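Every chain is named by a letter (A, B, C, D and E) in the order it is written, and numbering of its residues begins at 1.
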Amino acid sequence: MTLAPSPDVVERRPNRFLGILRALLREPIGCTALVILTTVLLLALLAPLITQYDPLFQDRRAVLKAPSLAHWFGTDDIGRDVFSRVLYGTRISLLVGLLVVTFTMIIGGMIGLISGYFGGWTDMIIQRIVEALDTLPSLVLSLFIAAMLGPSVRNVVIAVTLAQIPRFVRVVRSEMIKVRAQDFIAASRVIGASSLRIMLTHGVPNLIPTMLVMGSLSFGIAIMTEAALSFLGVGTPPPNPSLGTMLAQGTRFIGIASWLIVFPGLMLTISVLALNLIGDALRDVLDPRRR
Amino acid sequence: MSLAPVNTLSPAAQAGDDAPLLSVDGMAVRYGALEVCSDISLSVQRGRALALIGESGSGKSVTVLAITGLLGAGGAIDRGTVTLEGAEISRLSEKERRRRGLMGRKIGMIFQNPSRALDPVHTIGQQLNESLSLTGLTSREALRAKGTEWLRHVGLPDPEEALDRYPHQLSGGQRQRAMIAIALASEPELLIADEPTTALDVTIQAQVLTLIRRLQRELNLALVLVTHDFGVVAAMADDVAVMYAGQVVESGPVAQIIRDPRHPYTRALLSSIPTGLPGARIEALPGSVPSAAAMPTGCRFHPRCPLADAGCAQTEPAFQTASYGRLLRCLKAEEMTAHVR
Amino acid sequence: MSADPLFSLRNVSVRYPIRSGFFQRVTGHVGAVEDASFELKRGETLALVGESGCGKSTLGRAILRLEPIAGGSIDADGAKDRKALARKAQVVFQDPLGSLDPRWTVGSLIAEGLVVHGIARGAERDKQVHALLAQVELPPSTFHKFPHQLSGGQQQRVAIARALAMRPELIVLDEATSALDVSVQAQILNLLVDLQRDYGLTYLFISHDLTVVGQFADRVAVMYLGRIMELGSAADVLTAPQHPYTRALLASSLKVDPDARIEDVPLLTGDVPSPRNPPSGCRFRSRCPLATAPCATLTHRMTGSASREVAACIANGDT
Amino acid sequence: MLTFALRRAVLGVIVLMAVSVMLFVAIRFVPGDIVNQQLSEAGAVTPELLAQKRAEMGLDQPVLTQFAHWAAGVLHGDLGNSLWTGRPVSDQIRTAIVPTLQLSILAIAFGSVLGIGAGVAASLWIGTPGDVALRMASTVFLAVPQLWLGLLTLSGLAAIGYYIPLPYRPFTTEPWANVQQVIFPALALSLGVAAALSRLTRSAMLEVTGADFIRAARARGVTPGGIYVRHGLKNALIPVITLLGTQFGNLLSGTVIIERIFNIPGLGNLLFESVDNRDYPTIQAAVLTYGFITIVVNLLVDLSYGAVDPRIREARS
Amino acid sequence: MTRHFTPPTRAARFARSLLAGALLALPLAATAQETPQYGGLVRINVHADAPNFDPLASTEFAVHSRLGLALSQLVAWGTGPDIAYGEFVPTPSLAESWEISDDGLTYTFHLRHDVVWQDVAPVSGRGFTSADVVATYEAMRAGGVQGGLLSAVDTITAPDDYTVVLTLSSPNVVLLQNLAHQNMWILPTEAFDGGYDRNTTVIGTGPFILTGDEAGVATTYVRNPTYFGHDAAGNQLPYLDAVEITPIRDLNARIIAFRSGQIDIWFGPLNLTQMAQIQAQVPGLQDIQTISNTQTEMYLNPAFEPFSDIRVRQAINMAIDRMAMGEVIRGGGAVGGVVGPALSTQTLPDDERIALYGTPNPERARELLAEAGYPDGFTFQFTLLNYGEEMVREGEWIQQDLADIGITAEINIVDRAAGMALGREGNFEALYMVMSPFAEADEYLSTHYIPGAIRNYAGVDDPELTAMIEEQRTIGDPAARQAMLWDIQRYIAENVQTTLPGWASLLLHPAHARVHGWHPMMTQGFPSLREVWVSE
């Protein structure tokens, strides 16, 4: 393939990722964030090993039990283990977040790249569409799409992705415009590189730091939006244990069973916190001014 | 001059007192663990212009920021003294400096990039008033009148209107004129100009430099001019101090230094300036300025010096007067014979 | 220097639209370059000089097809498309760091042209890159470094190597040494002279520094507000300038001579007018010490011989 | 300046019209309609009655005809009548928008005071434990979902035996009850805004204080107070205003949740109920109102840029 | 009266003790019944705003419950200590008496002479006449949502100002109850000739005058001084000066409002656990419990292959442990029936209903599945109407019960409007929803099991069953009709089984101690409110 960059660029890519990771670990914030996120990830991924309870199993003799040794986070109103539900709920949250971020990055990144690189009419049209999506508060937009499509994990991903794309497009576009204005792009054009090649070999690599930072923040926002949609009854449908659904269920027992809202909320906050911190640390690590 | 006595000249100055207004002696500046300037010694008298010349990274800007007390966070004078009108000021807090009138009242400063040195959200008048108020003016009318006068004095067209203009509404040259007016409005005795024309085109540079020189003469100011351009030095300065890697390597009257440089660096610097003669090959100095984090041992210039020998890498030369009367920092100072250009 | 020109420009104009009002309609144009005509002869160095905003860089970019031209024509030695042009003309920009992609290694940066044009691949490509590094006097270890790990002078050498990789005939040097320290500038200028000698390169040397130009260029074109005011051999233009603007520019540039005090420099009044709203007639008249009323209606016209062309000027006897 | 802002606003309205077309078509794809809903509890309902009701509401016509009819009304300033209540939609919006605006304006006010104050304080105390504490607090609050904060506020208040008066009372009739009702949800909403603002204010202040013009002001003897307020804060306000604009969008999202938790009859609850009821004109109007608020906020942000920064004022005139 | 069963769980024992407390409290309140006092304000919560006040436009509870304070029917539900909660005893209201012809086809109503409309423009205290009744009923027949309740009626005439005659095309014993239905409010003629806007104005003959309605805030009423009702001692009713109905959607907010005394009478679902919390904090709380006149129902669509086999439907019925579900999720109530358990005289007797629907038998269910050819079970889409968290919880409960016999239910949550649409289109495999508050067995039967009927989502078309349903309407003798109704229900349980009854939940109606004379009623409109008084 003629588009392949010269060999030493290829061989350096994995190094760069490891380099970022190493740089993150050197930062106190990045290190903290990675530790928290890894813990959250492990808790979610290894849920079946950590808890013996099926998150869906209703122990009808143990309804609304306060936290105890048997049920660390207590049980809900039909006797399901809250600890197990929180772990599995985190799985769903992280899955939704991951899918949203992946799609947002790919779709939003591509649109932003094209919009920013070509400018002119293409940009005009894309900008108008983005503005149209952006006129509505993102939750209202997600809410509307989710309500229209009906509650399911897939639809939540669609709804949240659509609501996240405008922000992503805007940032990638303006970053691309900045990159495009740089002399190295002009130099590449003078060398005869095609627009596609320039976008892929100069545009994309220079956007990656921005995309990574945006991505980690979007991840957090996606998790929060998923919870909000589930709370409002248009998100992840029961019986799946989503953190938002759990909060919605818990509201009926405020003042009676506070564990139903404390633990899912705490997990939600910790996950978002870790992702935000990673975003902060990435911003620092990838800041060209600091190199 | 049209301006009523802006600066009451001290009797000493009028008498042509040779005592320097500002003298810096063995000053070292440190940012955190990094020593960016070492052993700087300078002096300038009223009515005279001292040029500080050096390439980027030579520490010339840090030197003047240290003198004015404007070192950023983490920056401090580590050793040596700075004396203004006989008073040691190098260790004063900013508050104390303000109380003693060092900020603005005694020392005025012009910055390299007038677009950045003027606050974009305030009018020229508002920024000028900050300086004027130091002179005790308070009433709105008086401030306005004086402000207009200053802007006229620096040659801004429509000075009255210019007071209400925002910086971005002026051209680069006008902005620098406004900056000069603001720096001088507090009637300082020492004017420090840090690369005042680097951001300007040649025709505008000539205008601004002429203005600075004229005002300096009229107001009998001591001027410290930071530049990287020997052309500016030749046109403006009485004395010159050449800096390299955070040290002054040679200083003296401008004609002497340009015509008969003794320090190898000064020589190399002067000879790498294009002469404008068609086809002539330039004698290029190899290598580049070392960074503060990786200073060479011994003489800091020795890795690039054509005359360096093993001793230069070990012994740090002192800044001292050579037998022929020139102040320079070179272990081979005595070997440096006249070399008139 | 052969007789047939490498590039020739005929009445080239570059304009930017001005949009304003509620509907952002195009209400006018800024003429960044107006009516520029000259030829680039093979092997020569032609300097474009002038103050910032005079259009010299824009003209350079237009030759490289980085800016669309609004009028006139550029004959690029028969090169029709960008790929063909790339083998004819290359560029070195002012900001050495900004013109090198920070995420690419020096080796891949220099090789980009070779990849794009399929000139060499694999080991052959690396060999050529190393040869180029040697040509610009950079150590082989530079190959794997990133631009920010190099000094400004080294970065500019990489940019030159990158341009050289295409074996071009013309290199546009867009203020290529302005951002460098004097000592480094001298190194780069010397390198450029050597390269020109070795490869018979043609340079379009865009600069605001008349001293550098005097030493470096064969011919000089002086631009003001988008127009060429004077064009001729460096010796003629810089020692016997005919246009008042050239004279003013020369007088303003400071010499390293302790006897040439600032007080003796004749001053131009005022600032460069906005190119959105240039003076009528002779564009220089608003600052010209010799301007008279008829200058306001003077048409821009280049007169003179093949070796020296000067914009119409009443002070020169043009009417 | 005004032209610029108006141009953006007009563009916004055009965009909003496009949104409304999509909306109009889209909501009709959701299964179920108002007639089902209205007759949900009737035992003896005949299919003929359902058809008759649909015809009365014009729901039997093609979607495009319905849209043309609705759009013609909107252009004349008539949002139509709610299918659910039969009352003018504009009345419902006018009632519902009050608590929503009240919440978001209060929240943005609290958030600005807290956030800008904390940001300035942190930039003044940079490097001290105070700065670290403020930064940590803002990082944490940025991660706490408004949803959870709302629920915690509610249960916290219940735990200390404080009960927010219910149901909602308008400020005009019962100011004290109203204040008690909106103050806690507004606070819960504002913490996220405050966190975001304090982070930005801090970095903007630090960036500005490193600027040449601050150095120049110091050089001419301006006191730290003068520098911070006149030169620092005023310049730092520009990014802060941008953020305030985007935060307002987040706040509007937040009100949807908070209204639900605190039982406040705002726009979010109206939207919810009308979606439940398939009350098309009200859904459309509620969504458009959100869009309209966004446009107005953007307009205000644009105008306030101009007020703060003369360069922008000029570039846009 | 609430009926209950022997609960096997601790939660149920807890419920029983609560109930005992409530039963004790009631007589106490009754003995303390000195002389009722005039004056005071009572606040009741409901779950939603009234969309509008046009009784002809919707069947919404939120509308009709509010209208009931201001409007009256021709015939009303009798109330009192002798009448069971779900039992309909026709009682005079605007009609002081009536006669039914022997063939059951002509109903003659004699109206009260002393009724005047509330003094609200444009009716402004005019006297009530038969023209108002005729106008109302005709309008209902022409396009009111309650038109179906008059479908048996052929002509409506008014021989004089105080007589109304209805003739039927065929006998219908349910007519009187239909006229007493919560949607059958009589409006003045002005409501139909453009005199005022029914959406916004309420003018009636009821005990309270509606004075204001602010969405999300309150609907306010004041005493109607010209109300025709009097108490047993001949005192003018009502006692209260004012009533406020406040909409609080969120359960938790409602609890807070009630606990803090911002609401006097609770209306709406309440969990026993939550009730216990409230009781601990509110002294002297009156706790009145009833069984909801709605129930959850699970529709099985025979168009979906496995559900076409009645054995599969029976298996599903046997798999669900409704009793425990009701206990855990609803905190009490009664197992549902073909006719809801609230209709105490019409539904099957408790033990029979429990035998049919409250006795899970997973082993038998598995056998039935195997017989039907599904030994390994199957998977179906379980469409669940989101009608509150408890509904969802019941769905999850059933999911686990079905999983026990090898059937996988994939829950698909839809909102109410979507769910009803899917039901009507027959676009579902299994649908779980909550039934309308029916007050008469005929409503259950004719909506669910007659071909083309509105709730016949499962497409039941059984001529024998249709004939039985039509026949029961003509049986005048209550005992004979009851036997017929029971037979129909047994027939359906055995032969049809496309609509599996779920659970009718326990309704808790707590009221603060200051409220006296409060009796919750199955019909909407808070009819006992006219006799409520408050002590301060």
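One rule holds in what follows: a contact is a pair of C-beta atoms (placed from the backbone, for glycine too) under 8 Å apart; a residue touches a chain by one contact, two chains touch by 3 or more.
All values reported here derive from a predicted model rather than from experimental measurement.
The chains in contact with chain D and with chain E alike are A. Listed by label, the chains that touch chain B and also chain E are D.
Averaging C-alpha coordinates per chain and comparing to chain E, the farthest chain turns out to be B. C-beta contact counts were set side by side for A-D and A-C; A-D has more. Between the Cα centres of chain A and chain B there is a gap of 53 Å. Centre to centre, using the average C-alpha position, chain C and chain E are separated by 89 Å.
Separation between the centroids of chain A and chain E, computed from CA atoms only, is 47 Å. Of all residues in chain D, those that touch two or more other chains are 30, 154, 158, 260-261, 275.
On the chain D side of its complex with chain A, the touching residues are 11-12, 15-16, 18-19, 23, 26-27, 29-30, 139-140, 142-148, 151-152, 154-155, 158-159, 249-250, 252-254, 256-257, 260-261, 268, 271-272, 275, 287, 290-291, 294-295.
Taken together, the chain E residues at the contact with chain A in this complex read 9, 11, 250-252, 255, 271, 273-274, 277, 324, 328-329, 386, 389, 392-393, 395-397, 399-400, 411-415, 418.
Of all the residues in chain C, the ones that touch chain B in their complex are 51-52, 151-153, 181-187, 189-190, 193, 208-212, 214-217, 234-235, 238, 248-249, 251-263, 265, 267-268, 270-272, 287. Looking at the complex, you find that chain A touches chain D at residues 128, 131-132, 134-140, 143-144, 147-148, 220, 224, 227-228, 231-232, 244, 247, 250-251, 254-255, 258, 261-262, 265, 268-270, 272-273, 276-277, 280. Across the interface of their complex, chain D is touched by residues 48-49, 51-52, 54, 57-61, 143, 145-149, 151, 183, 199-200, 214-218, 246-250, 252-254, 256-257, 259-260, 262, 414-422, 424, 427, 436-438, 443, 446-447, 452, 454-455 of chain E.
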